[in-house]
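Report on the following structure.
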Amino acid sequence: MAQTFNWSIRVYIEDTDVGGVVFYANYLKFFERARTEWLRSLDVNQQSLMDQHGIIFIVKSAAVDYHAPARLDDEVTLTVSAGRIGRASVQFVQEAWCGAKLLATGQIRIGCVNMAGLRPAPIPAEILAKIRKVV
Amino acid sequence: MAQTFNWSIRVYIEDTDVGGVVFYANYLKFFERARTEWLRSLDVNQQSLMDQHGIIFIVKSAAVDYHAPARLDDEVTLTVSAGRIGRASVQFVQEAWCGAKLLATGQIRIGCVNMAGLRPAPIPAEILAKIRKVV
Amino acid sequence: MAQTFNWSIRVYIEDTDVGGVVFYANYLKFFERARTEWLRSLDVNQQSLMDQHGIIFIVKSAAVDYHAPARLDDEVTLTVSAGRIGRASVQFVQEAWCGAKLLATGQIRIGCVNMAGLRPAPIPAEILAKIRKVV
Amino acid sequence: MAQTFNWSIRVYIEDTDVGGVVFYANYLKFFERARTEWLRSLDVNQQSLMDQHGIIFIVKSAAVDYHAPARLDDEVTLTVSAGRIGRASVQFVQEAWCGAKLLATGQIRIGCVNMAGLRPAPIPAEILAKIRKVV
């Protein structure tokens, strides 16, 4: 069964908009920060993926439902749960929480591509093995 | 039948990321610019909605599929097509094109809320009438 | 003598641009995150300033010199050093470091304004006292 | 004598913050959009600079003074005036206006660097000639 990874971030003025809340597009950034830290927790560094493997993870699709707004100074906890894993893609379910309040849920599909042509490329076996261990 | 509104924007360095392409979260910004200009073309000004009606449009859900990347200096054309219209919400289908190449498709659901409590509020009748005229 | 406060952040894809490095405007965001955390360390919460005092800190001027670029996955340490303190303004000197490499230096002047009219307002005495203690 | 180039942009929700005005760091983005369009008006395309010359323009220093805030839906006109031109750098003075109201003034120093090592590189002669014609 998939383990859920948690990562907390703080809301700064840069994240807010004229509505007085976090600008909705920024949840995609928050979710990505959490996925990046999840990868880091598996000892996977994306700059190294680029430099050594010539590959980069890109987002193929993203769907977010917004339930409640976050405000300046809120601490927001992001969850990362990897679902279906393909040869060149991983599906994530992610949530954003402020305390016990669910802010947003996301379904993000990531693809692995080569940097040169941005064409689908198999996820390197050693990375895949690390991911499979926690899913 | 719904009329499709088009709005073109230019890709600047601010929009790009280390992958050499437009950062995927920015398509939500692009789509919103186009919806804002679509509203402006209907003579609806969002700052006035806040000042005079005490309401604001918020995004309730957003789903984006990414098909091809845009690059620095590309001209990207966004489409706006309003679908199902409720008393306090509007569903949009939007696309991003670079010439004849489809970059991304989005389904965005917008809700109307009061600014004070961010609770659902009916879209003012005069605004609704303007929207209905083009859908 | 002023104490220097440190705050570390991580570089994510959202922070980068097509040049493969952190987009220069983002250092203003990084510097602000550090100032916000510095204020928090003094037990000053900006959302409360807005809600209880009706004031907000705004940036009056910002000057940044860029010395070296930061890259994806870098850990960047920001310094906060408050200089001249007026009745309604504070001058900061800030630096961004990646390990022993100086990335950027900033001089940021902050003003206190009322939220209603964005007119200069004296910094509340209790806040000023907290700031003066560490400068 | 230097000719001043003008470029107008619109303020969208993405540009605003919880203070109800344009987030100050975004003026650096606005200034850059105007410099990019100024370059384009000289028939200089930055993606081509990267692809054909292997160089990129980077910001070496930026100083902005903020005079008045811009709000959602405002049309902001940016000016571009090139000052001192070196072999590998150009100094710009830029202003942001909303109608007759001066919002911000900026002094931006741009450097030309090679993409590989981000080391200073002379501005290609043909580009320099185009710039010199309007300064």
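In this document, chain identifiers A, B, C and D correspond to the written order of the chains, with residue numbering beginning at 1 in each.
The definition used in the following text is that a residue touches a chain if its C-beta (ideal position, glycine included) is under 8 Å from a C-beta of that chain, and two chains touch if they have at least 3 such contacts.
Everything numeric in this text was worked out from a predicted model, so none of it was measured.
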{"item": "Of B-D and A-B, whichever chain pair has more C-beta contact pairs", "value": "A-B"}
{"item": "Centroid comparison with chain D (C-alpha atoms), farthest chain", "value": "A"}
{"item": "Whole-Å gap between the CA centroids of chain A and chain D", "value": "32"}
{"item": "Geometric centre distance via CA averages, chain D-chain B, whole Å", "value": "27"}
{"item": "Centre distance in Å when chain A and chain B are each reduced to the mean of their C-alpha atoms", "value": "24"}
{"item": "Multi-chain contact residues (two or more partners), chain C", "value": "13-14, 18-21, 25, 29, 32, 50, 71-72"}
{"item": "Complex contact set, residues of chain A against chain D", "value": "13-14, 16-21, 23, 25, 71-72"}
{"item": "Chain D contact footprint on chain B (complex, rising order)", "value": "10, 12-14, 29, 32-33, 36-37, 40, 45-47, 50, 71-73"}
{"item": "Chain A contact footprint on chain B (complex, rising order)", "value": "18-21, 24-26, 28-29, 32, 50, 56, 58-66, 69, 115, 118"}
